[in-house]
Every structure is written in C-alpha cells, then in structure tokens.
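Each of the next two complexes has subunit A plus one more chain, namely subunit B in the first and subunit C in the second.
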Partner chain A sequence: MKLDTSGFETSMPTIGFGSSNDMLDGFSTVPSFDLPRTTDFDGFQKEAVQMVKPAKGTTTLAFIFKEGVMVAADSRASMGGYISSQSVKKIIEINPYMLGTMAGGAADCQFWHRNLGIKCRLHELANKRRISVSGASKLLANMLYSYRGMGLSVGTMIAGWDETGPGLYYVDNEGGRLKGDRFSVGSGSPYAYGVLDSGYKFDMTVEEASELARRSIYHATFRDGASGGVASVYHVGPNGWKKLSGDDVGELHYHYYPVPPAIAEQVMEEAAAE
Partner chain B sequence: MTKQHANWSPYDNNGGTCVAIAGSDYCVIAADTRMSTGYSILSRDYSKIHNCKADKAVLSSSGFQADVKALQKVLKSRHLVYQHQHNKQMSCPAMAQLLSNTLYFKRFFPYYAFNVLGGLDEEGKGCVFTYDAVGSYEKVGYSAQGSGSTLIMPFLDNQLKSPSPLLLPAQDAITPLSEPEAVDLVKTVFASATERDIYTGDKLEIMILKADGIRTEVMELRKTLSECWQHTLSIVLIRISTLGSLCYLELCLKFSCVVNRFSFSYL
Partner chain C sequence: MSIFEYNGSAVVAMVGKNCFAIASDRRLGVQLQTIATDFQRISKIHDRVFIALSGLATDVQTLYQRLVFRHKLYQLREERDMKPETFASLVSAILYEKRFGPYLCQPVIAGLGEDEKPFICTMDSIGAKELAKDFVVSGTASESLYGACEAMYKPDMEAEELFETISQALLSSVDRDCLSGWGGHVYVVTPTEIKERILKGRMD
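Entry: the complex of A and B
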C-alpha cells in the first residue's frame, strides 16, 4: 500500500508563477520531509521513537488573571530513567508578546514553535498588524493536524496579549485546540492543578500570581520525579512578556520549608559527639 | 497468516563518546577514536570530530557513523553556500541552529547521530551546544554524548558546577577553569570512561579552539581490558621461546591478535 503523501505536496503554485503569491516561500506551506521507503511506516516510527526517546515528563502551567497571563514551567528533561538535562528551556519566546510552552518531544516543540514564530512575523509583514493569539494557535494547530498520526509529540500552550486582551490556548499533536483560563500540561500537572486551582482568584496582583505559579511548579517537582531543575515564571502583559523569576527548586524547598535551627543544631551536636 | 517483520534495520550503533567544555575564551572538544559494531572493533583510529571548515565551530558526533558522515557532508555544503551568499563564515550560534534544522528535517527517518557542537560565539567566549537525535538543542557550558555519556556527565556536573542558564538573576554558564585545566579534566574523564565502557578507548583526540586558531592533541587510551596482562604475556612468550618451543609461541601470538580485535576480553 503506497502511502498517501499528498499532505506534503505544496498547495501553492511555485514562486515566479502567480504575482499574487509573491510573499509566499517555503515557510507558509507545509514543509516537506524525507520519508523512509517502507511498507510498515508505523512500525518503523515506533522503532525510531525508541532511538529518539522524547523527553517526556514535565510540568508546565499557564493561567489568565486580571493583569494578563502567567506562564511557568520546570526545566528537567528525562530519557527513561536518566535525566538528560536540568536546564531545558520549556518556555519558548515566539515573539516579544507571545510565549509557548514545551511538553512532549523537545525537538518537535522547538521546531514547530520556531516555525510558528516565522509565520507570525510573515503575517505581521503581510497585514501590517500583529497576529492575534487565536490566529497563532490556529496556525500551529493546523500544521500539527497535517502531521496527525505520524508520531509527533507536542502538548503546548500559546499565551499572549493581543487587541482583545490576554489569550491562552492549549494545542496538542492531535491538532486539538482549546481556549481556556487555566491549563497545566505534563506528568506533574495533577500536582500543579491541585495547588493552582485552590489558590486561584481572578483579581490577583502580579506578585500574588507569580508566587502562586512558582509554588505550583515547586509542588509538582516535589512529588513528580520527572520534573525538576529550575522553576521559571513569565508574565505576559499589554507590553509583552517579562521573565519574573527563575529559582532552583531544591533551594525553593528550603525557602518554603526552612529547617528549624533547633533541630539542625541538635543534629550537629549528635554528629560531633560521635 | 501473520505478518513477517523485516529483521534488517537501517541503523547500527558504532559507539564512542564525545565531550565538549566551554571556557571564557576557549572551547575544548574531545572524542575517542574507537569505532565498534556489536562486540567487534572496526577501527581503533576513526575520528569523530569534524571541523566544518569553520574556524569558530567544531562538530563532534557519536552514534551511527554512516549517518554522521552524511550529516557532516550536508553541513559542509550548507556552510559553503552560506559563505558564498554572505561573504563570511558562519558563527557558532548560526551553525547550531542550522544543525538543529538539518536534523529535524529528517524527523521521520532520523540521523542516528548524537552531536555536540563546540565553538566561540560572537564575543569570543566559548559555547557548547548539545543535541538529541532529532534536533532539539540547548546552549550549555559542557556536555557529553555517546556510550560513555552517562558515566562522564555526573563527573562533569560535580567538577564544573555550572549554574543553570535559566536562573534569574542570570549567571554565566561558562566554567572558570583555565584552558590547561580543562584539557587535563577531559583527559581524566576519558581515562575513567575507558575503564568502564567497552565502546570507549584506543585514542583520544582533543581539539582546542581559541581566537587565534585550532590546536589538536592526541592521547593514548587503554586498548584492552588488561594491557598489563598483554605485557606479562609477551615476557612469558620470550622466556618460552628461549627454551625452543616456537610453535607454542606462534599460537600465543595468534591468540593475542584475536584478543586485540575484541572490545571485551576476559584477560
């Protein structure tokens, strides 16, 4: 059975034919990929995935409140039981007023967010105004839908501020796209939801919201082995995003739950006596 | 009728380890020179480092060397095209993104290559980029990839103590070590990895990139599990040959040649 690769064909005429399509180049259409010539595409992809070992296991969250959107994530990447990196950037800066979060395959998220950034910029140049968060998330969702079933692993949130105010969308590799106020994605998301939902109020200040986000990530890293590293918190306001904090979660633990000095001294005395 | 699955795989793992460390004005990239397949050694003198003809970026890759060779060719030609179009060499961060895109464009039939790219950035500071097989990359202060990476990374974490680049207020990820200290650390790290990883050994090739050029050093590593035994064996053989049993000598020599080609040998 020959694979139907018509999804990879460019639907636009090539450059030089239609004058109305001057703006279009390879980035506006679906990029074409080399495919292995095999009858068992799924089996091959399963084996290839074993080799690639996508960095699953993460905690990312984002929520809308009065002052904008708060986005936070951990920074651990794991390959099976091995921690391949403690300093992965899971909050991707698409452009100065839009952020995307990374969960699932690291390469997939990085590449498609970069691609989205290019498309957003082309939209700005073509239409002389910024793209809306709704539009950007739709572009990403449509791109991912064309690769549905091919083994991409992307669970991302697009957060930004456009003319209609703060916007937050969840987009995944199935091509699903959801608009919402609060999302958390990843293996640590149940823990993060617990803390986030119980502390959430729409009328928070920026400081309260950033503390809530940081605490949610910390609690998720405390209980989920696949999350850890540095908890980064970003705020998206009317003038774009700004990174508010980046704290090592180990140090956050002692910040939230300091060891009482009496007990510490007792332990040291006992150790000295031995 | 049950479906017959092909037993042929287009991939193979040729082993090996690559390490890179970034310093304040230098970058050290090192790789061993052993190429293996399964339990056999294909070559003891195969270089995994490729200098992309860019004086500011050096690529080192372990994994499947056929894919690595193809990847190096693609990068070299893309770099040449860039030089023709822009009349200058590619900078290290630009090369890093090019490599990421090149790897991702084979997302559904990946290059089985685990890469480390080292070089000097625009300001002359060392930078190391580490990749997975499909192109996700990040800028780090040091990295190890390949079969010995799980042995080497914890040691580098301990010695180099690089603060995370995600911390706010931002702290520099570059190690404060001097260049001779970093080269020494690399030699130590490989000597230790060779002891416990059968795919790492033979020779160590080190490239040191500085603003004034690239310098290469080669160091010998352990070739078999027990070279001292080989030495003892050769002494015993000389003693036996003086007693006149030459055929026994020939047999022992043949055995040691076979042993030479196996990466693990219970000697």
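Entry: the complex of A and C
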C-alpha cells in the first residue's frame, strides 16, 4: 500500500522528460515508502511511535553574524536516562556550503539530511546553479510535512551561505519552517539561549563568535542532563563551512572554572618548607 | 521516568581490608535540569557507621533526620554507639513501617563492626536487606555501577587502593548516566581515621 502523496508533489522540474523516469523515480517526487498491511493501522503507528520514543535530548544552536553563520552542537545521545554515546556527530554536512543540525531521532535526521543533500545536488545539475538556503530548507520542510503525525522526530537548522549572503532556517517534524538570526534547538536550548542572547552582537569577529557558541553549548551541557560530550563549533563563510573546534566539555569546565588548590595541599607545602 | 529517577543519584560502597569506602555523586536535579552540584547524599551516623541514600531527595533528607534522631535516642538509653548490623535492622524496620506509602529511597549502609570487620548492606525502598561481602550499589546509575564494580573489585584492598578503585568505578559509571554525576564524594573509613575526599568529575 503506497501512501498517496500526489498532493505534495513539488513543482520542481525534473530532467525535462515529463512524468516518470525509472532512474529518478525514487528522488524526483516526495519519497514514499511501502506501508505495512495490517488491520489495525492506527494502533500500529502508535506502537511504532512509542517504540522510537522521540525526546529531543540535545543542545544545538546557530546564529548569523557579520562574518557568516556560526553553528554549534553537543555530542551526547541518550536513551531515557542511559547515555548511549558521547561522540555523535550532530552537525551534518549537507554539501560544502550548507550544514544541518541534528536534534530528535538520530536516524530520522541522518536520513532526511542525506536525502536533502541528494535533492540539492539534483537541483544544481538541473539548473546549473547552487540551490539557495531558502530553497533547501523549503524542500526539507515540505518533505517533513507530508509525514506529519507519523512519529518522525526532527528539529533541525539549515545554515548556509548563498548569493544573498548567510542564511539560517529552523525546520521541524511538524513541517514548520522559520527564518531567523538566532536559534537553539533541544532540551538544553533554554540554557544555551540565556548565554547566547546576553552575549550576542552582530559585529563579532569569528573568534568572538566561536567562543560565544562554545560557551553557550558548555553551559547547556552543565545544566541539562541530556547534553554533554564534545562541543563542536563550525563556521559557514562565503567559501563554505569550516570546523573550528571540538572541545570536550569535561575539560572546558575546568578551563573556565579552574579549581583552586585545596587548603590541605597548601598546609602540607608549608609543613614541608619548615 | 519513574519517581526514583526524578532527582537522580549514584551510590556505591565497597569492603577492603579492615576498612570500607562509601561514595556518591553530587548532583541534585529535577528530571533533566541540574539544580545543584553539591548535594550531600552520604551521612555519618557515628564514627564507624555511614549511610548513603539514593532516590527522591526529599525522602533522603527526611529519612536521614529520622535515623539520626533514633540513633541519638539509642545512645542516650544504651550509653554506646549502634553496631552496623543493628543499625541496618533499624533502617529496615523504619522503612517497612511505611510499607503502603514508602519512603522513595534506597539506602546503602556501611560500617566497621566488632574486631574492625567491615560491614556493608543495601535495601530496597521497603526494607529488604541485602548483605554483601564485596560491594553494594544503588541509584539511577546502579546497572553501570554493578558492571564497573564487578570488573574492578579485588578482595582485601588497603585504604588507598580501595579509594582509587571506588572512585574509578563511580566516575566511569556516572559518565554513562544522564541523571547523576557532576562530581563525586568519597569517604574511606579505617579503624583510626575517616578520610573525606571530593572527586573532580565530568560536569556534563
């Protein structure tokens, strides 16, 4: 049983041959999957959603400033209370000038970002020019809208540099798409927003902006139990993205707040001097 | 998440040669949000008996206050300190009194008994005692702690080696738990001294 997605077909031109070309069938229209043959379709979906249990335990943020877009994220994956990994790549490289962030279901984000990358490349080949950030985010938002209510969990930001300059969009699994200058997504986002909003200026250098991004992620990992691991910071400039740093937040804590030597140690030193 | 995972905790106690060590994490949280990083989970009942409580933080504090009260009464009446085995029975009885509306915590009790023999035990929230010869664990990180202790524990360790072992076991287990960690608190008790140490851990 195939899902009827004719209502959501994009008007994006394909190779120009018309309706169906076997090679492009999987990509030219909204992808559709075979659905299970079951009597209790609604119940099955609910069980599937419960099994995946989407809980956006993460902290990602992105902001636009004078020199481009700064994108940062933590690297922890959690299943309820258990930390399943401290080294997840949450910043996904869609193509050399566009980044996507991952919040929500890892599989969902990875698959749909890669799918978006494919669509962007096809757009380039069809139109002989790069797709804009606005266009790419719209493709993703429309794809996600057609799967509304099916339990996908995707809270992503698409950041890139196109002809109009830096672009940043927030896209989520409800099909929502927002254009903005500053976003943070995930369970640690309130803490990141606090640091980001109070330290933000449009006229920052790349170093100042990366330090602000790193600090925001660090503070979110401190307060939020579901965020942690490594704070990665990427910068998107006119020539594409570049990874700036990946610092372990355990070490960052003692870098920002060093522990003064304990009184006992000082006393022992004095005793030895005598 | 269950009510036992509301505040998050990790507690472990280990037996050594004529000594014991008891350790806990320092986080107090409200589900995923961290509120404090200096929460006291281990309490001294007297110089040779310690209790650490994991579970709901309000019950941890209230139960500790109740137990201190009962022990002080005992001291007045008997003119001596409680033995660790007796104290464990007291805790078990107090928990079972609330069988149908229990304190939502799991205690870990550690003490030095007669002849400097170390004693450890843990209980569930309604007072079922579990005595062990090597180590006991409790809290949201308990499964990781079981694994880490099983791998790192050796019998008859001296105080310094016991401290290293329990610290490594605690830190590596809480690093796999979202709800506990943010430092560690370790007491190593021998017949002659009590050493209290704070551990520097990952603060994420």
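Throughout what follows, the second predicted complex is superposed on the first by the 225 of 274 C-alpha atoms of A that agree within 3 Å, B and C clash if a C-alpha of one lies under 4 Å from a C-alpha of the other, contacts with A are read in each partner's own complex, and residues count from 1 in each chain.
We adopt the following convention: a residue touches a chain if its C-beta (ideal position, glycine included) is under 8 Å from a C-beta of that chain, and two chains touch if they have at least 3 such contacts.
All values reported here derive from a predicted model rather than from experimental measurement.
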{"item": "Simultaneous placement of subunit C and subunit B on subunit A, clash or fit", "value": "fit"}
{"item": "Contacts of A:S187 with subunit B and subunit C, given as first, second, both or neither", "value": "second"}
{"item": "Touched partner set for A:S87, first subunit B, second subunit C, both or neither", "value": "first"}
{"item": "Superposed model, subunit A: greater residue contact from subunit B or subunit C", "value": "B"}
{"item": "Spatial angle subunit C-subunit A-subunit B, Cα centroids [nearest 10 degrees]", "value": "60"}
{"item": "Which superposed partner A:S78 touches (first subunit B, second subunit C, both, neither)", "value": "second"}
{"item": "Subunit B versus subunit C as contact partner of A:G43, first or second or both or neither", "value": "first"}
{"item": "First, second, both or neither for A:S132, with subunit B first and subunit C second", "value": "neither"}
{"item": "Partner chain in contact with A:A226 - subunit B first, subunit C second, else both or neither", "value": "second"}
{"item": "Which superposed partner A:G57 touches (first subunit B, second subunit C, both, neither)", "value": "second"}
{"item": "Which superposed partner A:H253 touches (first subunit B, second subunit C, both, neither)", "value": "second"}
{"item": "Smallest separation of CA atoms, subunit C relative to subunit B, angstrom", "value": "6"}
{"item": "Contact residues common to both interfaces of subunit A (with subunit B and with subunit C)", "value": "82, 86, 229"}
{"item": "Of all residues in subunit C, those that touch subunit A in their complex", "value": "1, 5, 8, 29, 31-34, 140, 175-179, 200-204"}
{"item": "Touching residues (chain side subunit A, partner subunit C) in the complex", "value": "57, 74, 76, 78, 80-83, 86, 187, 221-229, 249-250, 253-254, 259"}
{"item": "Subunit B to subunit A touching residues, read off their complex", "value": "3, 5-6, 9-11, 100-101, 103-110, 112, 130, 132-138, 140, 150, 164-168"}
{"item": "For the subunit A and subunit B complex, residues of the former touching the latter", "value": "31, 33-36, 38, 40, 43-45, 47-48, 51-53, 55, 75, 82, 84-89, 105-111, 150-152, 229-230, 232, 243-248"}
